[in-house]
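Heads up, there are several structures right after this.
Note that subunit A is present in both complexes that follow, paired respectively with subunit B and with subunit C.
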Partner chain A sequence: MKELSLNILDVAENSVKAGATLTQILLTEQDGKLKLEIVDDGCGMSEDIVRSVTDPFYTTRTTRKVGMGIPLLKLACEQTGGSLTISSVTQEENPVEHGTHVTATFDMNHIDFTPLGDVSASVLTLIQGHPDTDFLFRHQQGERIVELDTRQLREVLEDVPLNSYDVMEWIGGYLREQYETQPEDSGPNGED
Partner chain B sequence: MKSLAELQAIKNRMKDKVVLRDGMEGARVVVGMATCGIAAGARPVLNAFVEGVNKEGLEGKVTVTQTGCIGICQYEPVVEVFEPGKEKVTYVKMNPEKAQEVIEKHLKGGKVVSEYTIGTVAV
Partner chain C sequence: MLVKELLGHGFKPVTLPDGDRVIDGVYIGDLLSWVMGRAQMDNAWITIMNNVNVIAVASLADTSCVILAEGVELPEDIAKTAEEKEINVLTSSQPIYETAVLLAGLIS
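Here is the complex of A and B:
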């Protein structure tokens, strides 16, 4: 993948396929480190499957349940010295609180760090393809926080689909403005 | 600054359009968005279709949707066009420029851009 934002799009698709009603995409940049979390309330995975999704050679021959998405994300973070962890609770284990939590950490100063790229485009693509599920996107860069919660938009829009062109355009502008109007690194003491 | 009030205005404007959309029987453009498609550049292709269809005023006649792996990963980005009463057209190795051409010639003009279809590309 040329951009990390494409890995994000790819892995978040898994959450939607797992029947998530809410998929959270959380990015936290601090001191040259990036933490990416994709958290969903989907059906969850058993311990065995969680083990196998990170290793493309473990299961591809016996089942098509597992693809290249997670291994590619794992590669992207590990090649910077970071790591990938997955925790999951299946619907059978807990009928109320189930889902999957993927966490990937990156060293952004490492020479093999893949640029984040256009995360807004990935969020828009997810909304375009899945207008009936909710997404919470939160990107924190130092003091700057860019945020989008489709549940809030849905309250306003009622039965107008989130992937109507005008709505998508509004969302694109909403994200862009947040990135542009807030300074990237205004530390608590002003300049530093 | 974009506000929720602005979104409210969009909603009021859209309300009537939604009813129109339900009854339509137009073309369906399906973009493969699995790992293979995404890695090959499907996101800008999808975006080009979404924007182009709107720009050309085709949003009442054409819907753009996403699907998983179509099974021919080496030809990604793959785009399928379904039209009622017609055979499915499969475009392969797409990019935003080719997408624009498909919108103009095929979706608007009714003529398949055969040089981008799988039958021509995969010899």
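Here is the complex of A and C:
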């Protein structure tokens, strides 16, 4: 994909489909490396399925033969010299703590690094499409931390749906403000 | 023009499970998600990418063949997958542009 944010959207949708009540999207940028984690408390996958999801001919969808979200994410990180790992615990294995943890690492200074793109837009799209499940978004760039937890919003909003126009507008502004008010770290990825 | 008719014109077969497929147009691209949404059915697809996802995208987009340009080779295990999924893969030692020009002359 032209931007990692689209890939994140695709993979996070899998978490929602797996029945997650909370999906975490965690981005950590440090010393030219990016770690992307998508963590959910969904139904989890058996070892066999975990092995096969990186195979582009595997899919949980019935409408087409191949599912490309994870294979393309794997390609995107590996072409920078990074790697993708998936660990998962099924509901049968552990009825209390189950879910899937996808970790992808990237070398952001590699020429084939796919730009991150507009992650805020991906988060907004997820909330809009799934207002009844929770998302925790955390983007750490050196000292700068941008965070959104829909569980906190839900407490304040009570019965107002998260995907109502005003709430979406507010979330968009809240994320933008966090990016704008905290200076970007001037590391190896600082603007030069 | 049929895929098998490319042989002997500077194109070498890697896998040819369905050589009788008709080539209708050409698509060129390496960003797989982009190709997935844009390559048309029966296009010959020219690329330099040679991982397993290429085979999946060719299957999804239903292209008539994949042409690996610039002398790029297909790893053996991926050739096996291509054979299983009935994807035609050929190679060209020429750069992408020259490969496309050669192809244009043949299919017009």
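Descriptive notes on the structure:
Basically, the second predicted complex is superposed on the first by the 175 of 192 C-alpha atoms of A that agree within 3 Å, B and C clash if a C-alpha of one lies under 4 Å from a C-alpha of the other, contacts with A are read in each partner's own complex, and residues count from 1 in each chain.
The rule is simple: a contact is a pair of C-beta atoms (placed from the backbone, for glycine too) under 8 Å apart; a residue touches a chain by one contact, two chains touch by 3 or more.
The shown structure was predicted, so the numbers you read here are calculated from the model rather than taken from an experiment.
By the document's definition of touching, of the two partners only subunit C reaches A:56; subunit B does not.
In the superposition on chain A, A:152 makes contact with subunit B only, while subunit C stays out of contact range. Of the two partner chains placed around the shared chain by superposition, subunit B is the only one that A:122 touches, whereas subunit C remains out of contact. Within the superposed three-chain arrangement, the count of touched residues of subunit A is higher for B, of the candidates subunit B and subunit C. In the superposition on chain A, A:9 makes contact with subunit B only, not with subunit C. Applying the stated contact rule after C-alpha superposition, one finds that A:167 touches subunit B and leaves subunit C untouched. When the shared chain is aligned, subunit B and subunit C each come close enough to touch A:1. Judged by the touch definition given at the top, the superposed model places A:68 against both subunit B and subunit C. Applying the stated touch rule to the two superposed structures, the overlap between the subunit B and subunit C interfaces on subunit A comprises residues 1, 6, 68, 72.
Chain contact summary for the complex, subunit C toward subunit A: residues 31-34, 36, 51-53, 55-57, 59-60, 81, 85.
By the touch criterion given at the top, residues 1, 6, 9-10, 13, 67-69, 72, 121-122, 124-125, 128-129, 152-153, 156-161, 164-168, 170, 173-174, 177, 181 of subunit A touch subunit B in their complex. Contacts from subunit A toward subunit C in the complex involve residues 1-2, 6, 55-57, 64-66, 68, 71-72, 75.
On the side of subunit B, the complex with subunit A involves touching residues 1-2, 4, 6-8, 10-11, 13-15, 17-18, 33-36, 38-39, 43-44, 46-47, 50, 54, 59, 64-66.
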